[in-house]
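What follows is one structure encoded as structure tokens, with my remarks underneath.
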Amino acid sequence: MNAIKLWFRSVAQVMFQANAWCGVLLLAGIFLGAYSAGTPEVAWGAVVGTTVAILTGCLLGYPRDEATQGLWGFNGILVGCALMTFLGSTPLGWAALVVCAAMTTWVRVGLNRLGEPLGVSSYTFPFVLSTWIFLAAARMFGGIDIVALAHPMLPTSFVHTHLSHDSLPTLIEFCQWTLRGISQVFLIDSWLTGALFVVGLAIARPAAALWAVVGSAGGAAVALLFGAPTEAIAHGMYGFSPVLTAIALGTLAPIHTPLRKAVWALVGIVGTVFVQASMNELLAPVGLPSLTAPFCIATWLFMLPIANNHKPTKKD
Amino acid sequence: MNAIKLWFRSVAQVMFQANAWCGVLLLAGIFLGAYSAGTPEVAWGAVVGTTVAILTGCLLGYPRDEATQGLWGFNGILVGCALMTFLGSTPLGWAALVVCAAMTTWVRVGLNRLGEPLGVSSYTFPFVLSTWIFLAAARMFGGIDIVALAHPMLPTSFVHTHLSHDSLPTLIEFCQWTLRGISQVFLIDSWLTGALFVVGLAIARPAAALWAVVGSAGGAAVALLFGAPTEAIAHGMYGFSPVLTAIALGTLAPIHTPLRKAVWALVGIVGTVFVQASMNELLAPVGLPSLTAPFCIATWLFMLPIANNHKPTKKD
Amino acid sequence: MNAIKLWFRSVAQVMFQANAWCGVLLLAGIFLGAYSAGTPEVAWGAVVGTTVAILTGCLLGYPRDEATQGLWGFNGILVGCALMTFLGSTPLGWAALVVCAAMTTWVRVGLNRLGEPLGVSSYTFPFVLSTWIFLAAARMFGGIDIVALAHPMLPTSFVHTHLSHDSLPTLIEFCQWTLRGISQVFLIDSWLTGALFVVGLAIARPAAALWAVVGSAGGAAVALLFGAPTEAIAHGMYGFSPVLTAIALGTLAPIHTPLRKAVWALVGIVGTVFVQASMNELLAPVGLPSLTAPFCIATWLFMLPIANNHKPTKKD
């Protein structure tokens, strides 16, 4: 019973919630999105990744209190989603997934030692770092199939376009874009999944659900304003990192005045969109996805100046 | 009155001086250079960038003693110069400048927390990091015009050239190159501006003026010796980072023997030239300028082994 | 007498041994390999690099106890091997080598200050960082000849190949690959050199010799399994970093149960192969070699979670 609770809390911790029911709804959203996209391996990758990461924590004998908060497995589930999105579902692909998901458990412990004296966490960066290593390696390894990585290319500027009335989405479309931005946190491109995620978050912490929506909508709006390609915005590519930044800053930042905290989260959303765009540019020559690195980088830049010098209590 | 002093000290802090008259001369140099090059927006960008960065410090309630030393605004002025040099002077370009300049104020506080226990400062890296993010993002955003960024390309080796008598500059030319290297600290390409900068530094601290000249001349000489493209050297591109390294090491390094300190600064100048050339190579595929990153990296490499384990007092 | 001992211990410290006879055999292996490959400058580069790095430590007055352990010079010897492998043996090439080798001595002191509170060392990263700077700079400098750097290119995926019986090496071949992987630690491509290295390690510490062999063989096996190009594996390119990771984790990791320590080292070997492949991909657009960066990165990722919070005593 406790093991099941712990398992689903690991899913929910991607969104900073130690709540098993939230995890159930997130996983339901992942299965819904993966199966409707015809990529069930993404959902099963999530299951395997979470399980492997948790078992690794058991094998290494890490402190149980982190486990009960779901902190062992949340990087593993993201590894599972990402590797089965970008690599082929072959025996060697799954072997890479297992090693990569296991690695996140101890990489998180190592990276948190860097952030601890500064009062910041490694967030999802153990997932980002491990997944970058395995995706980049996959391109050098003939034995691993690549199914969805971008071709390495020199970054090219988009044609100069100003925001016009024609390029603006309808309200319905904009709501779908916003929900897709939330579903993309787990690399799922489905507004229905995004809606399930919002419900799951609302169960755990209504403020988190609110900030997820504000983060995704704000990210899309800023990207629209500065002329990012509409196609990318519509599929939630400018939403998923701001979602996480918004929940982190809006609900966990150590700022005591609610208004100041909200303003800080809003500025953080704007900053994350620029970090997202810059990482798209910087990673083009090596053909890697940014994953949730823009969230991690932006959140560090906004958390470091305000974090306290003691061990943080939330999301370690 | 104090606000004006604080404002001009922020300008001077780019060159490590908490001296308002020095700041006045530096700003005069920027206006002279920008207007004669037909790019007045660079000078006004400097004014806006400084102002925004200082106001951000006020809004965030940061400690006033740093403000009176001019430490809130020096990254902001560099953001202003850089963004108006590389991006178009459009409403969205100015919006990016405002967000970017504001960001440097808290990014500096955050990054200084990393360096504090090691006795080093973030130097101008808050400017470098924020500006890289916004320039890279600008290439992905159709709404922001790019006017002067290099086209992304794979780095190519320069044709093998040995130093010959013909390629050597005359003494007058070499002096102009040296002064241009100093003016390039603020992205201005004008030997007259460089001369004004030297005068400004001499008012604040004669040793700083001396090291600025030695840094720029030394950088140009080392680059010439190792066969860097003459064109780049002539426009001060191998001078601006060594200028800052030379002032930092030559006047602020915690070395007690003057001779050892001078030798350390001279070796630091040589090291900075290699870091500069390497960053030109590394950034070619993403088409970003090195900004003052070579100064930051070289100065960290030369400061870390000698810095003390307590809070530094100069330029935090 | 002590100076000679110290000198050869510096050579041996690349492989984590403070043993002069081990250093003698390593140097013999380097000379054997370099002269049979017709590149004697690599061997003499090693001699000059070690000497310059040690003299730099003397000039800077660093603590003698580190010197007697051979910790001043081990980055310098690698700089000597690397720069004379990739750059031409010209006066300016040797000048670059001298500056670069000297730099490693204080860069190591600086970087160790970062790792000390976390209980990890900078390993060979001072060599990696300094050499990357000088190799990247060499491409921008017409005065320095490049003889062996890869051409910058966008990374391309290898054709999909599954492991087949035909592509498997014979046992003799696999032993040669393994020994070449060990010789490649010093950028030498010779199984005979690798054999000398194993003997040298066995003199100093039999367990280190064993782990070197296991690391190189394991690296080659994992690379074969995941379909890395056979040519690269045969020349030891997937062996040299796992060799160092295996010695570091297998003999120096602060794990008390021998079996757990051995398993940790084996998993570390697998992880290093993926880091190696990923760095080959990431460095392709700038045409730089990975050097021993994969060893450093993998070892940090495996050491940080288990390292103690006090000053480490081995290989500082």
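Each chain carries a letter (A, B and C) given by its place in the written order, and its residues are counted from 1.
Everything below uses one rule, namely that a contact is a pair of C-beta atoms (placed from the backbone, for glycine too) under 8 Å apart; a residue touches a chain by one contact, two chains touch by 3 or more.
Everything numeric here is computed off the predicted structure, so don't read it as measured data.
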Looking only at which chains touch which, which shape fits best: line, ring, star, complete or other? complete
When the CA atoms of chain A are placed over those of chain C, what is the turn angle between 0 and 180 degrees, to the nearest 5? 120
Chain B to chain C: how many Å between their CA centres? 35
What positions in chain A touch 2 or more of the other chains? 117, 154, 285
Which residues of chain C touch chain A in the complex? 117-118, 154-163, 223, 225-229, 270-271, 273-282, 284-285, 300-305
Write out the stretch or stretches of chain B touching chain A in their complex. 60, 92, 96, 99-100, 103, 106-107, 109-111, 113-114, 117, 132-137, 139-146, 152-154, 285-287
